[in-house]
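Look at the two complexes coming up: chain A is in both, with chain B in one and chain C in the other.
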Partner chain A sequence: MMNAVENITSHYLADYENSASALPGRHLPWLQQLCSDALQQFAQQGFPSPREEEWKYTNVSAIEKKRFSPAASEAAQAAVDSDWLDACRLADAWSLVLVDGRFSAQLSRLEGLPESVIVCAMAEALEKHPDRLEVRFGRALTRENHGFIHFTSAWFSDGLYLHIPPRTVLDKPVQLLHVVTKPDSLAVTRSLIDVESMAEAEVFETFVGVDDLAYLNASVTEVLVGDNARLDLYKLQCETGKAYHFGGTYVLQESHGRFQHHNFSFGGLLARNEVHTDLGRAAECQLNGLYIGRKRQHSDNHTRINHTQPHGISREMYKGILDQRARGVFQGRVVVFEGAQKTDSEMNNRNLLLSNDAEADTKPQLEIYNDDVKCSHGVTVGQLDEKSIFYLRSRCIDAETARNMLTFAFANEMVDKLPNRSFQGLVQAQLLAHFPQTGIVKEWL
Partner chain B sequence: MLSIENLHISIDDKPILRGIDLQVNPGEVHAIMGPNGSGKSTLAHILAGRPGYQVTQGSITYQGNDLLELEPEIRAREGVFLAFQYPVEIPGVSNIYLLKVALNAIRKHHGQDEVDALDFLALVKEKIQLLDMDEKFLYRAVNEGFSGGEKKRNEILQMAIMEPKLCVLDETDSGLDIDALKIAAQGVNSLRTPERSFILVTHYQRLLDYIEPDVVHVLAHGRIVKSGGPELALELEEKGYSWVEQAA
Partner chain C sequence: MSTSTQQIENLIAQEYTQGFVTDLEADTFPPGLNEDVIRALSAKKGEPEFMLEWRLQAFRHWQTMKTPEWAFVKYDPIDYQAISYYSAPKKKEGPNSLDEVDPELLETYKKLGIPLDEQERLAGVAVDAVFDSVSVATTFKGKLKEAGVIFCPISEAIRDYPELVQKYLGTVVPQGDNFYAALNSAVFTDGSFVYIPKGVRCPMELSTYFRINAANTGQFERTLIIADAGSHVSYLEGCTAPMRDENQLHAAVVELVALEDAEIKYSTVQNWYPGDKEGKGGIYNFVTKRADCRGNNSKVSWTQVETGSAITWKYPSCVLTGDNSVGEFYSVALSNNYQQADTGTKMIHIGKNTSSTIISKGISAGRAQNTYRGLVKVLKSAENARNYTQCDSLLVGDTCGAHTFPYVEVRQPSAQVEHEATTSKISEDQLFFCQQRGLSPEDSVSMIVNGFCKEVFKELPMEFAVEAQALLGISLEGAVG
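Right after this comes the complex of A and B.
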């Protein structure tokens, strides 16, 4: 077993020697230290294994068997079809486009940003704002430690840096578009979203790949929500059917800080989404998610909510739709620390299985080290309700259409919660692409 | 309109209906009364085509066709409507969407074009007023979070839009207070025509104070044990079901 780990890591370790000089910011002593520590950890641990409790339903050995390499930059950007990319863009938003893990100025739209805020590529930020980054980079990752995170820390080639100073409200959303264009490539990014005291922002992350390429997209986004600040973060993951996706979002919420995350995980052969947040005093978080799988897709959704201080509120609702031989995983962990009195937490996970071969593994975990709290959780795994189907049939709707309506409606409940109409449209279009038979419902959108 | 002959129905090999004969002519209102467990709701569901029942004997002929051969949605398009005792909540599907899909399915079935959007809205608004419902119900998910009375009124609204030929109302009065009952009954009465027939399944006589039946049948132990005019309902109210159950 040791040999196996060595083999995988040795390829990435050997490549690292050659590639590090081309990676941004590695001349900064603090970042060099951080990266070399991460590389060392990765060399020891390798990618996570199902023996680890937090990875028990997800086997990433398929990733280990492949050999992904960073894509050479520049050339790829011209190859991106602009109509195709525009179809992924959010209306009325600033956009920062990363192609194969590197910023593309040509494809990004960042004109007219207010002077007080910073929205730029991570590589640029490491050049221009190294001191600010030195104290903020990695702050939301103090609890985290597994092979993918170390891997991402060592290998990242770019990302988004967003800084909103105190009392500033960004009046348009920012979209971060991850595009992969090269077969067998490795796109690794680290982003940092820093919303200071009483500031507000909306950020949309979109992950797409061209054609039907196989690649590995590993992305870590750190989020710092200052006191009384607010961040709404949206993620739409529609990687190709052969892609591997790791996307981790790690959040630190100061007191009264509010964080919302809406996670739509539709693509990828194997996708692992992590959303972990630490709530300060009276902070609030809302985590919503929808994962769908068909064929042999595997979608793993791992959330962790740490109530470290009193009066925190957390709400979580994840839904999954699994068809054919797909497998969906939900692991939701809520930890109420000693001293976090009056914590108020609700967690829900609902799974709809559309075939006998589909599988859902759901594992809600509540760890409460405190008496004075209100915590609840509920999970369901089921099929379409026969009573509902008969009801619709008695209203003239044929059985197949009834099934499609109910499937779409199950998913659409999560889409209806989205305040941004343009994003709602993007998500619905993807939903219809994944369940083409639900096209019947188009007219009611 | 409808002819049921010697109908025997089982669920999991347990007989529920044991030889029902019923003849409903166009424009007639039939009330089917009976104690709990007598099989009256089963009869209503059988007409709408609910899966899970075995027909062991007998037949149902509707407008000259074998009703039991038809899928539930075809029955609905042919004009058989069941108002559910417990209308199902359908989160994520709006009420107005369901009404429109249902109406268009009926029109298509009869070779007609889809309904014009403005005509449809005008029709829905007219019917919704008749049932004293707020327009906001149209845009809410079907039955989701509706009170018991609102759900029943919503059933009558669907019926008013779909304009069926045979309306089967399964305990529409249960769970309704007297005001809601009057509104529901008013909705039903407004739909009475010389062609349209009704089967009212009910446990209590009070619905029949507002919708006057032509014939009252008493169902007990899976059989119709007595039939008569509206006065039979009053007699039942007075004497209770034990009186007729003994006859079964």
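Right after this comes the complex of A and C.
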């Protein structure tokens, strides 16, 4: 067992020697240092194991057994079916497409951006704005320390760099599309979203894979929200049924900064979503999530809200639907630091179990070092309400349709929280696609 | 700091009144732990061969184990070789009646308010008193015997009822269950043994009083309660220790077995010495308590009031094996100064239609850390399992911490599991409301804190409810529901 881990770690370490030259920005001394530190950490830690408390319910040893290699050629990019991709696109949005972890200019649509705003690939940003990145890169990751973080830091091949200067409001959303087209490939990306004071933006991250490929997609997004700034971040994860997904979002919110995250995790054989945020004085955050599991899917949702300053407000609501042999995990932690008086925090997690073989594990945590706070959390695990089913049946709806309607309604509550029609449409289409009896439910919409 | 906060602090900052030392000649083993110590201990107790084997097995397993580090508590590593594993008040040949018990000892218990004197008892509570490592006296033995109830020190039970002990000991908490349980299995010196025969409702409440007296000793007691089919028992447990500067270890194991239709109610008021204001001294309370609802329709209810100990590490659990079995857990944990409490429960649902309720109230003051850690696990076989959990924390002062770490694992779609937790300080509005109605600030705080804990106190037997409330420094009025 230990040998296997060492093997796979050394496989990635050895591979790195060969690939480093092809990775962007590695000529910059600060990035070189950062990558070699990360590599060293990764060599020591490897991928996380369930013995670690934060990974208790998620075993990633399947990833360690497989060898994923970065897709080198750019030929694949042309091969992406544009009709298929269009189905994942948001209408009326700027889009930046990463194919197998690398920017594709051909598929991206970035025309008409305001002058002052930077939306570009990370590789390009490392060439054009290395100084700006040097002070910001990794800033939101100071509290993070596990194998996937280091792995991503060392291996990233591209990503998104978004910079909104002060007092600027983006009038259209930016969509970041992660597409994987190669079997057994490794797509590793690092993105940085920097919204300066009093600026506002919406970013929509989408993860998709071609056909039914197995691959590893590891993506880390750092978010800096300036004072009085606002960022709404949406994540739609529809990886293939054989894919492994690690997606981490790490946020620093300055005072009065507002951050909203909507997380839809539908795909992937094994998916781990992390959303961690640090709230400055009187900052607000809202984390919403919906995870759906079928077959043997495993979906782990890990959130952490650090109230480091007074007057912060956080709201969190995650819902899960688990069918067949799926396993859903929710681990949410709210930490109120000493001195963070008047913190107001609520966390909720609701799970629906639809089959005898499904499993829900949930671990909401409150860690409070202060007295003048208002914190609560709630968890439920259960099945559909018999009374509601009875009500629908008494209205001449057959039992199965009634169940489907109620299940859909349970999930759709999270879709309804989306402020934008086109987001709702896109997420709802994917929700139905991942729903077993789509036809019946569609009739009722 | 507002006046109201000061009031609360005054209420909570009560001095520890049970911290005296009794001068007694004791028979104590030199510090250290090895197989010879265990052999000597077993010989001293006159145990049958199977017990010695059992202890040695546990000891060998313990040597391979590591101290658990996952709990939310901080302490210096314990040197297990510096502890004496046996200390007993010196006495002539075992006392047959209370007249033969060392008067010094009786005085101690009187000081603690635990009258062993049967005649003076008002309420019918049978008491087993454990002093350091051995049980010194058990009251009401005769009356209990009439009902067929066995209530005696476990060392006596090992000698007199070996078949019962052998059948049940270690079946709920196996020798290698965890680090402290393994240590306890190897070196436990005494404790209580209760057997309630079929269909018997125990005529009185049973009670054990634990007292650590000698310095540099660890107390390792083991309690085993077996409620046979259709029986009912209510068991109370209390504990105190003298004030000492060094930390002392208390690693107990409690096993409860409830067979078909049986009911066990287990109440604890834990008041070990918590250490002084600077966090010096105090008892390390590392306890494994578990109940097995083995029979259908059985019920186990844990009620605990945890106010003492420098560190509490305790998770009274219920394994709900039988169909329709019920597990309950009611807890008030108060931590002040530098106390650390990491406590909670585990409810493992295995049988059909099993249900469990968890009500946990944590009060944290000073520089204390108070953690609720609980697990609700519903296995695939537990159809229609039901759990309701409520954890509330009350914070007093801005230097304390209150944490809630629940774990919920469900593998059965017909299960309904609910968990909710809140953390807040005493609301200024409530204080204002009470005072506006003419209550003094102290009374207002009392009333609010009382109300906060009421759900748990009402589960306690009368005498204990009184003691618990006195411990929290709260007046009694209208509190016992």
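The definition used in the following text is that the second predicted complex is superposed on the first by the 436 of 445 C-alpha atoms of A that agree within 3 Å, B and C clash if a C-alpha of one lies under 4 Å from a C-alpha of the other, contacts with A are read in each partner's own complex, and residues count from 1 in each chain.
By our rule, a contact is a pair of C-beta atoms (placed from the backbone, for glycine too) under 8 Å apart; a residue touches a chain by one contact, two chains touch by 3 or more.
Since the model is a prediction, treat every value here as computed from it, not as a measurement.
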Checklist entry - What's your read, chain B or chain C touching more residues of chain A? => result C
Item to check | chain B versus chain C as contact partner of A:R395, first or second or both or neither | outcome: first
Item to check | Partner chain in contact with A:D416 - chain B first, chain C second, else both or neither | outcome: first
Checklist entry - For A:K363, is the partner it touches chain B (first), chain C (second), both, or none of the two (neither)? => result second
Checklist entry - Which holds for A:S19: it touches chain B only (first), chain C only (second), both, or neither? => result neither
Checklist entry - Residues of chain A touching chain B in their complex? => result 385-388, 390-399, 405-406, 408-413, 416, 444
Item to check | Complex contacts: residues of chain B adjacent to chain A | outcome: 48-51, 71-73, 75-77, 81-82, 84, 87-88, 90-94, 97-98, 101-102, 105-106, 109, 141, 158, 162
Item to check | Footprint of chain A on chain C - complex, ascending | outcome: 70, 378, 380, 393, 395-425
Checklist entry - For chain A, which residues are in contact with chain C within the complex? => result 53, 338-339, 341, 351, 353-383
